[in-house]
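Should a chain be cited, it is by its letter among A, B, C and D, assigned in written order, with residues numbered from 1 in that chain.
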Amino acid sequence: MSSIPLSAYLVTALLLFCMGLYGALTKRNAVIVLISIELMLNAVNVNLVAFAKYGVGASIRGQVFSLFTITVAAAEAAVGLAILIALYRNRATVNVDEMNTLKK
Amino acid sequence: MTGLLSILVFSPLLGIILLAILSPESHLVKRIGTLATALPLLLAIVVYSLFERGVEGIQFQETVTWFEMMTSISPNEPYIISYELGVTGLSVLFLFLTSLITFLASFAVHRITSGTKGFFILFLALELGMLGVFSSENLFLFFLFFEVTLVSTFLLLGRWGGFHKERAAFSFLIYNGIGSVLLLIVIITLFVELHTTNITEITSMLKDTDSFEFLSYNMRMWMLVLLLFAFGTKLPIVPLHSWMVRVHVEAPIALVMIHAGVLLKIGAYGLIRFGGGFFPEQLQDIALVLAILGLINLLYGAFIAFVQTELRALLAYSSISHMGIVLLGLASFNSVGVQGAIFQTISHGLIAALLFLLIGVLLDRFGTTRISELGGIASQTPLFAGFFLAAGLASLGLPGMSGFISEFLAFLGLFESMPVIGAIGVLGIILTAVYILRAVLAVTFGERRPSFDRKMDLSATEVASSAVLLILIIWIGVYPAILSNTLRTIGIGG
Amino acid sequence: MDYVWLIPVLPLLSFLIILFTRPVIYKKAGIVGTLFSGAAFVGALIVLFSHLENGNFLVEGNWLSIHALTLTVGLEVNPLNALMLVIVTLVSFLVHMYSMGYMADDERFATFFGYLGLFTFSMTALVLSPNLLQIYFFWELVGVCSFLLVGFYFYKPEAKAAAKKAFIVTRIGDVGLLVAIFLLYWQTGTLELDGIFSAAEAGELTPAMITLTAILIFVGAVGKSGQFPLHTWLPDAMEGPTPVSALIHAATMVAAGVYLVAVMFPLFTASDVAMMTVAITGGVTAVFAATIALVQNDIKRILAYSTISQLGYMMLALGTAGYTAAVFHLTTHAFFKALLFLAAGSVIHAAHEQNIHKLGGLGKKLKGTALLFLIGSLAIAGFPLFSGFFSKDEILASAFSNGSYILFGLALLTAFLTAFYMFRLYFLVFSGERERNEEIKESPRTMLIPMMVLAVLAVFSGFIHTHWFGTFLGDWLETTPYPVLFSSIDAPYWIMILASALSIGGIALAWFMYAKQSIPRNWLYGSMKEVHHVLYRKYYVDELYRTVFVKGLYALSYFWSYFDRFIVEGGATAVKGLVSQLGKTGVKVQSGQVQTYSAVAFSGLVLVLLVIAALGGYFQ
Amino acid sequence: MNGELIVFVILFLITITGALLMLNLSKVVHMVMALVLTFLGIAGLYVMLAAEFVAVVQILIYSGAITIIMLFGIMLTKHTGEEKKTGFVKKGIVLSGITAFFLIMFFAVKDLSLGGQATTLHENNTEQIGIMLFTEYVIPFELVSVVLLVALVGAVILAKKEETKKEGEQS
């Protein structure tokens, strides 16, 4: 039995999530934004695994689920980066401030 | 007969579908368009003749539960919205009026040169909306149909309007949009509190003034004020009228006929049905305000109409003035006055449709509706002049025509409760005569102008449509019991 | 009696037939109209005689009932109604016949007869009405017919203006009547004349309310009968065809005001103030219009002012409780004034000229017309033994016995002035030599016969109510079903002698001035230029109204229209601006940057969470 | 204070420090490297939560693959080196929003306890996961493989230089 309470892990994850969110919303460099998003996904994973141990009806499923998340995150990172490079080729910048084609 | 009402309401759909599959260049478009408006007219006549007069309550009722919503807050009382149609005496008259005016207006559509097919499709959608509004027994459904009329009017106006059509369409949308939002607020509040949107149920539930804590006196007053704004924009009540003048001036004539003839009456219908039906107590308490608003409408519209140089604007202000009488009748809060108000809505619907039908002819033949550019046309177009004069006389409330009995009843009712306001209001009768005669005589009387010598008088179709309206106007004027028999089922205030 | 409804329906049929077959029927319209109105006249005579035998008659049915309110329609025959019915149908019939000649060259011949039919229908229905609503209904309809016929020559700007004026000015009066109807309904709960009178008798109405309603009804009568201050439309209404002036603006419709007061007489007699108002208005109008008539130049306008003056006379009689006198004068006036108008029409038809100074010497060319006009003039001047003599005498007696000597004086003055201006007119038109020598032909027989009939009546109709051969009319009128107050009048004989003297004096003065020319014609113009001017411009009433009411209305209307354009529309524009501004702000938020979007979305989430947390939410 | 807690605190500090560094360093490459620290810390936490397999995957995928991808991304694009500063106001708004969010969530979770613990997770952890994946979750597993394939192809297409398309656009 572990003596560390569930909330400890949850607060850690919360902190990570908030920092990731902060990065995603304020950083201008697209690569960093992508990385911040990975951080947020990680925070979620921590929660999943923590609930796998402490949750209601705790079981191995939480871990399986986190594996799926990691896979999808990896895919996302790859595609995201590919898009970034394509964008960079067209507009010669990785600054998200200048990426405002949504407006047009 | 069940389902008849649904068939009536959705009968314009047949025309819409037929037109949709037709090529826009086809010469059949106009014919099918007009025939498609004839179908609802026939059905409306059937409904009207099957309607049992002098029987209390709602007839032709159709109820299908549409959807229910459960909430965790009150799991035992689901929120139910049903598809409910039904007619009272008031709505049966409006159904008839709607389908008749739409049918007659469809002839005016024939003069439209571009996009006739699209016009007819939207036109039929508008008719569908209006028929739905008048036969809904459910607030939710009412609102849906109400929005259908708004959207189709907006599109018709924006696409086929006059020179400033965008401005007119925009201001139409803003005013009516705000109006319908206010209406929606009321509907939702009632729905949340009462778990139903059925009009009859709400009416009877609201009679119980104590059991709904949330719907206190003040709350009801607020809701009534919102309704007044919502339907007052439609009516329109001064100072919410400037959109309506623009619509009258800019819209294509077929649309103006419908607009002046039926759409404005939705405001009156809503006020009578919902304002008076749901919150009679509160309405009675603000009757004086209502009367003053009516008085302002009556005199303000008349004064401004007097100096208009454009016939359509003049008639728009004239409509404002006439709608003042509806408010006055309502404000009197006795059966006579309310009946007068209802008579006035119907009568004005017919008269306004006739006037605008003739204005359409004027536009077609002479290309203008400016009073100064016309004059003396009775020499060249005697039939037109005759009908125009008759319509003008009807509008100024000549006995023997529908306008008189409506004004008479409205003022008779008003004199019981508020003689002083009534005494000021009768000034409006004089002013109406002044501005109507000024307009009618300036157009038809006067020296013969040789430049008009080749202008064509009314065609057979135009004579027939004008005559139908005029006959109805005179019929109601001579034998008003035809209306009051049908209307016996409703009444507020006694 | 059961077929009394036929009398209004016949002219209505004539109207409808002519309306729908106008292009086909054309010239035959005159015959159709004459036949139908003749039939109506025969019907009216039958009604009259059967009333003499069977007494009053009333039939009613429901017209409209709304909850407690029940409005009825019906037909009533009482002495007054029967008498009016005969007058209306007779004059209408004669005018129909006359018009076949007079209007023969007009291209809207058929339309004219259609309108005449409609008018006859409305007027007969008006006089048969047993309740106020029905009276008002047809009251307005006759107004519209008058409007249509005044504006018959619609291409003439003057006719257009006159028609408009006629309608609007009378409508001002009508509104008074309408308000009275509303008040009476809520006070008595009914619009039946019967019910109103019994309620008034039973004291259900306060004296103030009786006075108010009576005066309001009188306002309606003032408008219709062209009494001061709503008289301005009647002279202008002479722009219509002359037969119309004879029928509507002399004999029947304008007398409807007097008829209305007579019908509502029980209400009036209950209020001294109302009676006084009626008497004073009548007396003042009588003199006022007579003085204007002294200096006018248009043959029809003189007759119009004369009509106003005579109607004032009748009002004076009513105001001094001379019910019989008023009705009597109404009857005789209808005949002789219609005669005068038709004769004037005959002159205009022949000479195509209405200015009396440009006419003259027509007596030799138009012998028949001249004689007929002379009979009419003698009758209206109150020359002894002519019909006007008896009816005027009755009025003078009534004014005298009522005790108001000022009114009596006014009546005497009017009698003198009437004799003078009528014979000024007669001598200027018919006596002397014709300077120009163009072709002037006597009118055709269709025009002369109706005039002759009227001339006979103008001479002899006075004998239905005299103190020598029996007061047949007065006795008959007393059989009315309503509580009308009949004052017994025993006037001294010297009134009759005085009246005759005044009449003959007026005629003599006119003869000296205009026929013999021993007194200079322009003495008034010469000696009192200002007075002449004021009279010639009709006391500047028209000018006053134009400045005060017409300009005032324009000023008010322009004010409100600018208010509408700038303040109300401005408000609307402000609302529109607000919406656009909101839209623009919305556009700014749409920067296209994903981060901003997500920041906004996230703040939304935070807000929702905050609200949930603040409300306790699901965390508790 | 037992050993478990000490280990947790150390791992916690590593994780947070990494994240903080990531936010505050100025060079992009340094940021990515700082994040590796966080990923490793998280992997340690997984071990503590009896999820050895996930911890290994974490190290492989995140600290390995994703970091490498990011580095390649940085290499392929041009960076001025210095990360440009965002506007103070915007930062403030975002920061206050996040703080509010943090506080709400913090008070929501600080005393959260859902009762029991799973005790058998560490026994043949990989086996358990494998059984679960290939029985109950076999369909999602296959789907994920498709997702990966699609992502792979997509990434290749996106990143590839497209001469033909440009010509097509010009025509």
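In the analysis below, contacts are C-beta pairs under 8 Å (C-beta built on N, C-alpha and C of every residue); 3 or more make two chains touch, one makes a residue touch a chain.
Treat the numbers as computed from the prediction; the structure is a model and nothing was measured.
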{"item": "Topological distance between chain B and chain C, in contact steps", "value": "1"}
{"item": "Top-ranked pair of chains - ranking by C-beta pairs in contact", "value": "A-D"}
{"item": "Rounded Å distance, chain A centre to chain C centre (Cα mean)", "value": "94"}
{"item": "Distance between the centres, which are taken as Cα means, of chain D and chain B, whole angstrom", "value": "64"}
{"item": "Chain centre separation in whole Å, for chain B relative to chain A (CA means)", "value": "59"}
{"item": "Geometric centre distance via CA averages, chain D-chain A, whole Å", "value": "5"}
{"item": "Residues of chain D touching at least two other chains", "value": "90, 94, 101"}
{"item": "Contacts with 2+ other chains: residues of chain B", "value": "none"}
{"item": "Residues of chain A touching at least two other chains", "value": "21, 25-26"}
{"item": "Chain pairs in mutual contact under the definition given at the outset", "value": "A-C, A-D, B-C, C-D"}
{"item": "Contact footprint of chain D on chain C as seen in their complex", "value": "599, 602-603, 605-606, 609-610, 613, 619"}
{"item": "Residues of chain A that touch chain D when the two form their complex", "value": "1-12, 14-16, 18-23, 25-29, 31-32, 34-36, 38-39, 42, 45-46, 49-56, 58-61, 63-64, 66-68, 70-79, 81-86, 88-89, 92, 94-95"}
{"item": "Complex contacts: residues of chain C adjacent to chain A", "value": "590-595, 597-599, 602"}
{"item": "Residues of chain D that touch chain A when the two form their complex", "value": "2, 4-5, 8, 12, 15-16, 19-20, 22-23, 28, 31-32, 35, 38-39, 42, 45-46, 48-51, 53-54, 57-58, 61-62, 65-66, 69-70, 72-74, 76-79, 83-84, 86, 90-91, 94-95, 98, 101-102, 105-106, 109-119, 121, 125, 128-129, 132-133, 137, 140, 144, 147-148, 150-152, 154-159, 161"}
{"item": "Residue ranges of chain A touching chain C (in the complex, touch as defined)", "value": "21, 24-26, 33, 96-97, 99-104"}
